[in-house]
Amino acid sequence: MSSSWGQQLKLSIFGQSHGEAIGVTIDGLPAGMVIDMPRLLAEMARRAPGQSALTTPRKEADAPEFLSGVLNGRTTGQPICLVIRNTSQRSRDYGDGVDLVRPGHADYSGHVRYFGFEDWRGGGSFSGRLTAPIVAAGALCSQWLEEKGVRIACHVQQLGSVKDMSFLDAAPDKDYTYLKEMHLPVLTQGLDERMAEEVMAARSEQDSIGGVLECMITGLPAGLGAPFFDSVESVLSHLLFSVPAVKGVEFGAGFGFAGMRGSQANDAFRMAEGRIVTETNHAGGVNGGVSNGMPVVFRSAIRPTPSIAKTQQTVSLKAGENAELAVRGRHDPCILPRAVPVIEAMAAIAVMDLWKERAQCLM
Amino acid sequence: MSSSWGQQLKLSIFGQSHGEAIGVTIDGLPAGMVIDMPRLLAEMARRAPGQSALTTPRKEADAPEFLSGVLNGRTTGQPICLVIRNTSQRSRDYGDGVDLVRPGHADYSGHVRYFGFEDWRGGGSFSGRLTAPIVAAGALCSQWLEEKGVRIACHVQQLGSVKDMSFLDAAPDKDYTYLKEMHLPVLTQGLDERMAEEVMAARSEQDSIGGVLECMITGLPAGLGAPFFDSVESVLSHLLFSVPAVKGVEFGAGFGFAGMRGSQANDAFRMAEGRIVTETNHAGGVNGGVSNGMPVVFRSAIRPTPSIAKTQQTVSLKAGENAELAVRGRHDPCILPRAVPVIEAMAAIAVMDLWKERAQCLM
Amino acid sequence: MSSSWGQQLKLSIFGQSHGEAIGVTIDGLPAGMVIDMPRLLAEMARRAPGQSALTTPRKEADAPEFLSGVLNGRTTGQPICLVIRNTSQRSRDYGDGVDLVRPGHADYSGHVRYFGFEDWRGGGSFSGRLTAPIVAAGALCSQWLEEKGVRIACHVQQLGSVKDMSFLDAAPDKDYTYLKEMHLPVLTQGLDERMAEEVMAARSEQDSIGGVLECMITGLPAGLGAPFFDSVESVLSHLLFSVPAVKGVEFGAGFGFAGMRGSQANDAFRMAEGRIVTETNHAGGVNGGVSNGMPVVFRSAIRPTPSIAKTQQTVSLKAGENAELAVRGRHDPCILPRAVPVIEAMAAIAVMDLWKERAQCLM
Amino acid sequence: MSSSWGQQLKLSIFGQSHGEAIGVTIDGLPAGMVIDMPRLLAEMARRAPGQSALTTPRKEADAPEFLSGVLNGRTTGQPICLVIRNTSQRSRDYGDGVDLVRPGHADYSGHVRYFGFEDWRGGGSFSGRLTAPIVAAGALCSQWLEEKGVRIACHVQQLGSVKDMSFLDAAPDKDYTYLKEMHLPVLTQGLDERMAEEVMAARSEQDSIGGVLECMITGLPAGLGAPFFDSVESVLSHLLFSVPAVKGVEFGAGFGFAGMRGSQANDAFRMAEGRIVTETNHAGGVNGGVSNGMPVVFRSAIRPTPSIAKTQQTVSLKAGENAELAVRGRHDPCILPRAVPVIEAMAAIAVMDLWKERAQCLM
C-alpha cells in the first residue's frame, strides 16, 4: 500500500520483476483518443536495457499488451489495463528466498515490510523494471498533453563530475525534441561524450555512478495546482520519489535558493506582448504551489545503481551474521540514460492530473 | 483543490490570512489521548512571529480553539477541528483587490487560479500563516509518536553562506531536544551567531535570505512505506512541498549522490547487537521507498522571503503594464527560524500516516 | 474515520452535538459564486426544530458562520469552512459518561467505537444535529446546480400507514417548488393532514413513527456516473446512508422490481422531439450506473425516531446489567419533515460531485 | 471514473465483456496468506453461467490468472492483479457499433458517457461479466475474514411472487454453509422449487424475472464503521450498487421501518452471558453507522434481466428514430442464482476494508 495514485487521473500499478507480468491500470484518459503506438513503443525502447554500451546488455522483450480500454486503436474512456509479460525471468539465477541483502537495495527493508513473504526475485516490486508500464502510461499522457501544446524535455544535468548547463539558462521556446534521440541527452554539445567516459570508467572499475536529471515542462497555463496540499511541487515530487533511485527533487533554483538574497531570488514580473511573464525563472514556474505560466523546471537526484560487481559488506538474513557479497549479473553502471523517459513519464502523468483538476474549474 | 490530505490520518485545511479564521480538521487520532496543551502551545509559539530580533515584530495572538473531538482534555476519537481566529487582520492595510503582484509570491498565480475572486489580503490561502494550524496538528502527532519512541529533530543546516554539519555525521542517539530551545538551532556550537549576522545583514539592506533545514526522525522501525506510490520519500515530500517557501527536498546524500560512485553510496549492512543496521546512512533511512530502521534524514531548501522592502519590478494587473513595488509592512528577513517547527510538524504528520498504514499489516 | 467524502467536491465534517460547534469544510465550489444567503438560511430553517407541532419544540439558533472561502459575499474558490456554534448545549441534562444506552441509538456502538472516550452528550458525533452543516453545504450545491437547470424535489411518500403517490407517476416537468413550503410535503392534496394525524397519534402515545421520503432530480443530462465503482446509485447511497435514520435506499421501481417481469421492468426508449427518452422510468433515471437523462428518482426509508418517552429495556454499561430507560427531553415524534431538506442536500452534494467528474470528460 | 474503490483495501477493476480480458487489482491483503485456490474456483463456479437449467447455457472458461502478488501459493503482500481472459468472445454476434439500444441496459447511457467510443460489444464495461473478478477478490477477502470468525450467508428472499423468511427471524448462529450448495438458496425447505417454477414460467414466455437477495454477516465485532461518511451502510451500499441489476438496498427492517412505531423498531439491549446483545435486530446490526455486534443483515433488490427475447420498443441511434428489438442470444431468465456469490463477495470486500480501518484504532 499504496499501489494506486491520482485523483482525476488514476493509476494502479502491479507486478514483480520475475513474476508473471508487470502492468498498470490507467483510468481517466478521454474517450476517442487514437493511441500513437509507434510513439509509445519508442518511449519504452528508450527505457529498455541494451540501448548502448552505457547500459546493461540484458534484453527485455517489453511488448505491452492492452487488456482493456482500447477498441480499434482508440481509447474507449474506460480504464486501460496495460501488461508486460516477464518473458526472460531467468529464475534459475535466484535461490530460495533472500539471504544476502544487497546494500543500497530494498532487499532488507522489503523483507521486513512483507514479513519474509515478498517476491524477492530480481527485486520484486522494488525493481526498476516496474517503471516500464509507467513509461507506457506516461506516453499516453504526453500524447494527450501535446495536443494541448504542452512539451516535456529532459537532459542529464550532471553525471559524476560533469555538469551541463540548466534549462533555466536556456531558451524555453526552443525545440528540444532532439534530446529524445540522444543516449545521454545534454544541452551543451559534446558534453555527452565526457559523461560517457565517466560511465565507462565506473564500469571498468566494477562500479556505478550517479547524477542529476533536469526536466522542463513548457506550454502549461498559469493556474494549475493549489496552495495546500496539492501544490504543483507536491504532486510532481510524490510521483518522482516513487521512482527507484530518485533521492532528491528541487524546483527552479531549488537548493541554490539557500545562498540567495530575496532580491536575487524573486522573479520580476513583466508585460511581454500582452502576457504576464517573469524576467528570470528561479521559481521554476511555480509560485505558491500554483503554476505561473513560465516553464516548470525541476531536477531529480539519481543515486548510483546499487548493483555493482565490487565486493561489499552486508549481512546474511538466514545466518544472522555479517557477510560479503558481490552482485552477479549484468547491471547498468549508470541508470541515468534509462531514467530519462521515466522522469518524463512521471512529469506527464502529474501534469495531466493537475490539468484535469483545473478543467473542473473552467466549466 | 485539494485542501485535504492523508489516507489513515486525514487533514483538511482552511482559511485565509485575513479572513475570519484559519484552521484544520484532523481525523484519525486515537481516542483517549490526553492532549498536552502546554506542549502544543510551545510548538505554536516557536512558529509565531516576534520571537527574536531575527523575525518580524508583528504579534499574532494565535490561540487555538478546539471546536470538536476533545472532551475533558482527551481526544474522543472523532475528528478534531482546530481553529485560530484572525484577530489582527489590519485590513486597512489592504486595498481593493490585488493590483501590483508581489514578485516571488502567489499573487499572480493565485489570481489566475481563482479567477480574480481570491481573498488576496495578506496572501490569502497562500499565506505562511496557514502553517499555524499545521504546527498544532503536528504537535498532536508528535505527542503520539513520542509514546512510540519516535523523535524528530531539526536544525538550520545552511543559512546564506554559513553551513552547519549534517545529522548524517552526528550521533543519531543523542538527545537533540536542546535544538527546540534555540532560535537558530544548529549542531555546531556558535554557528547560530554567524547565521544571525547574515540575517541582520540582509535585513539592514532591506533584503531577505534563504537556507536549508535538515530534519532527522529517529525511532522509526523498518518496514514503513511502499515502493509505489507511497514511498516514505513520496509521502514526506508531498507534505513538505505544501509548505510555502520549500523549493527542494532531498533524502540522505540527496543531490550529493550525483557525484558518488555506487561503492561509496551504498550503505553496508552490519549486525549490531542482534539488530541489522547500516554502517553509513547515505540512503537517509529509506531503501526502495521503505524505512530500513536507520534515522530518516532529509533536507528542505527554503527560499528567501519574497517580501522585501527593496523596490522591485512587477506589473499592475489593473493597468496591464509594468510597474514598481516596494512591499510595505514588517516582514521576516529570514523565515528559517519560524519554518523549523513547520517542517517538524509535517514530518510528524507524514510519519503518523505511514505508521497507521503499517499497523494494518500487523493485525 | 472517515469524516471526509468526495472526489471532485470534497466535504469534511466535524463536531459533536454538545461540543463547541459543528461544521463542515467544503472544497470544490467554483470561485465567484454569489452566495444566496437567504436561501441557505431558509433551507436550514426547514431542518431546524420547532417548525410545527409535529416536531420537537426545542429551539436551535443555528446561525452558520463562514470562517473561510468567502469574500464580499462571493466564493473565493478556496475551501469554505462553515461552523454552527452549539449555543443551547444544556449540558446539565447530561451526567458523567454514558450509562443507560438508548435502544436504537449509537450510544453503545459508539461507546465501543471510541473506547469510552466519545463525547456521548446528546449523541455526540452521531446526533442528527450534524446534518445542519450538511443542509448548508447542500444549499450551496443546489444553488450551483440550479444555474445548470437541475431541480431537486422531495416529498413524504409514506408515513406510517399513509402512502402518497410516486414521482414515477407524476409529471416530471411540473414545478415542485411548492413542496418546499409544506411541513409534510405530499403530491396528493390533503394527504399531509392524514399523515399529521399519524404523527399526533404516535406522539400522544409517547411513541414515534417512521416513513419513506421520495426524491426526484430533474435536469440531469445523460452520461453522469460510471459502471464500477462510482455508479450514480453508489455515490448517492453512500451519502444517504450517512444520514442518521436512513435504513434503506432504492432507485426507480427499487424493491418493486422483485415482483416484475423483464418485459414490464424495461423502460422502452422512444424519440421525442429529437431527444431520446424512456416511456416509463422504472430504472429511476439510471442505466448501468450512468444517468440516462430521465429524472433520477429514489426513496429513502426513515426509521422512527429512537428517542421515545415510553419505558424501554436496555442495559447499564456501568453496572453491566439489565435496566430500564425512559428517554427524557423533547424529541421529534417523526423526523421526516426535518429529514426532507437533509435528503435534498445529500442529493445536491452527490450530483455536484458527479457533475464535476463529468466535466473533466468534456474538455 | 472511477474504477477504483477502497481506503484500506483497494480495488481497481478493468475490462470489457468482449475485450482481451477482465480483471481486478487488489491491494491490502496481508502477506503470507496461503491462497485457498479450490475455494476461490468454487466461488467463481457459482457465478459462472450454465450451472443449471435456470441460467444461461453459455459456457465461460473463467480461469483466473494471478499476474502478481503471489509466490509459491502465498500472498506476498504486494498488489495482486488477477485477470480472466475472454476466450469465448464470439464477436461475430456483434455488428459495427451500437445501434438499437437495449431497454434496461446501459447501451444508451454508456454511449453518451463514452461519446460513442465505448466498447459496446456484449455490454462492454457494463456487462455482468465484470463481476467475475469481483467474486475472485471477494473469495480472498472471505478466506481472510473466516480466520477472524466472520461468516457471510446469502439466500433468495424473494423471487417473483415467492417470498422466503428473513434471516432476522432465523437463528443467527446456525451453520448456513449449506446455502452455498443450492442453486436457489432458501431458508424455507422446498421454496426453491416454487421459485424455480417461476423462473421456468418466465423463460417459457421469453421473459425474465426479478427478486431480492438477503445477506447476513455474523461474527463482526461491535465498533466497525463511522457516523459520517463511512457508515457500515454507506460502505456496503456503495459496493452493492456497483453490481449491475441491484436497484435497492436495505438494512434490518429497512423499508419496513416506514410502518413501524419507535417502540416496535427499537432493539432492546440485554445482557447475555456477559455480552451486550439486542433482543430483536431491526437495525440489522448497525446503530448510527457503527456495528453493534449483532449480525449485519441487508437485502438487495435485483431487477429482472433486461435481455429478453420478447420484442421491445426502442430507438436506433444511427437512424435517430423509433425501432423494435428482440435481443438475440442465450440469456439468464433470472440472474439471482448467479448474483448470490457476487453479493457475498461485495459484502466480504466491504467488511474487510472496515475491519482494517478498525485495526488502526486498536494499536
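General remarks:
Residue numbering begins at 1 within each chain, and the chains themselves are lettered A, B, C and D in the order written.
Following the convention adopted for this analysis, a residue touches a chain if its C-beta (ideal position, glycine included) is under 8 Å from a C-beta of that chain, and two chains touch if they have at least 3 such contacts.
Quick caveat: nothing in here was measured; it's all calculated off a predicted structure.
At the subunit A-subunit B interface, residue numbers used by both copies make up over half of all numbers present, so the two copies contact each other through mostly the same positions.
Each of A-D and B-D has its own count of C-beta contacts, and the greater count is at A-D.
Rounded to a whole number, the gap between the C-alpha centres of subunit A and subunit D is 39 angstrom. Between subunit A and subunit B, the centres computed from C-alpha atoms are 26 Å apart. The distance from the centre of subunit B to the centre of subunit D, each centre being the mean of the chain's C-alpha atoms, comes to 46 Å. Under the contact definition stated at the top, the residues of subunit D that touch 2 or more other chains are 1-4, 7-8, 13, 28, 31, 77, 113, 115, 125, 360-361.
Listed in rising order, the residues of subunit C touching subunit A in the complex are 7-8, 28, 30-31, 77, 356, 359-361, 363. Residues 1-5, 7, 11, 13, 101, 103-110, 112-113, 115, 123, 125-126, 130, 158-161, 202, 205, 207-212, 221-231, 233-235, 237-239, 241-242, 244, 246-271, 274, 276, 278-279, 282-284, 286-293, 299, 301-308, 310, 312-315, 320-322, 357, 360-361 of subunit B are the ones that touch subunit A when the two sit in their complex.
The part of subunit B that touches subunit C in the complex is made up of residues 1-4, 8, 10, 12-16, 19-23, 25, 27-28, 31-32, 65-71, 74-81, 83, 113-119, 124-125.
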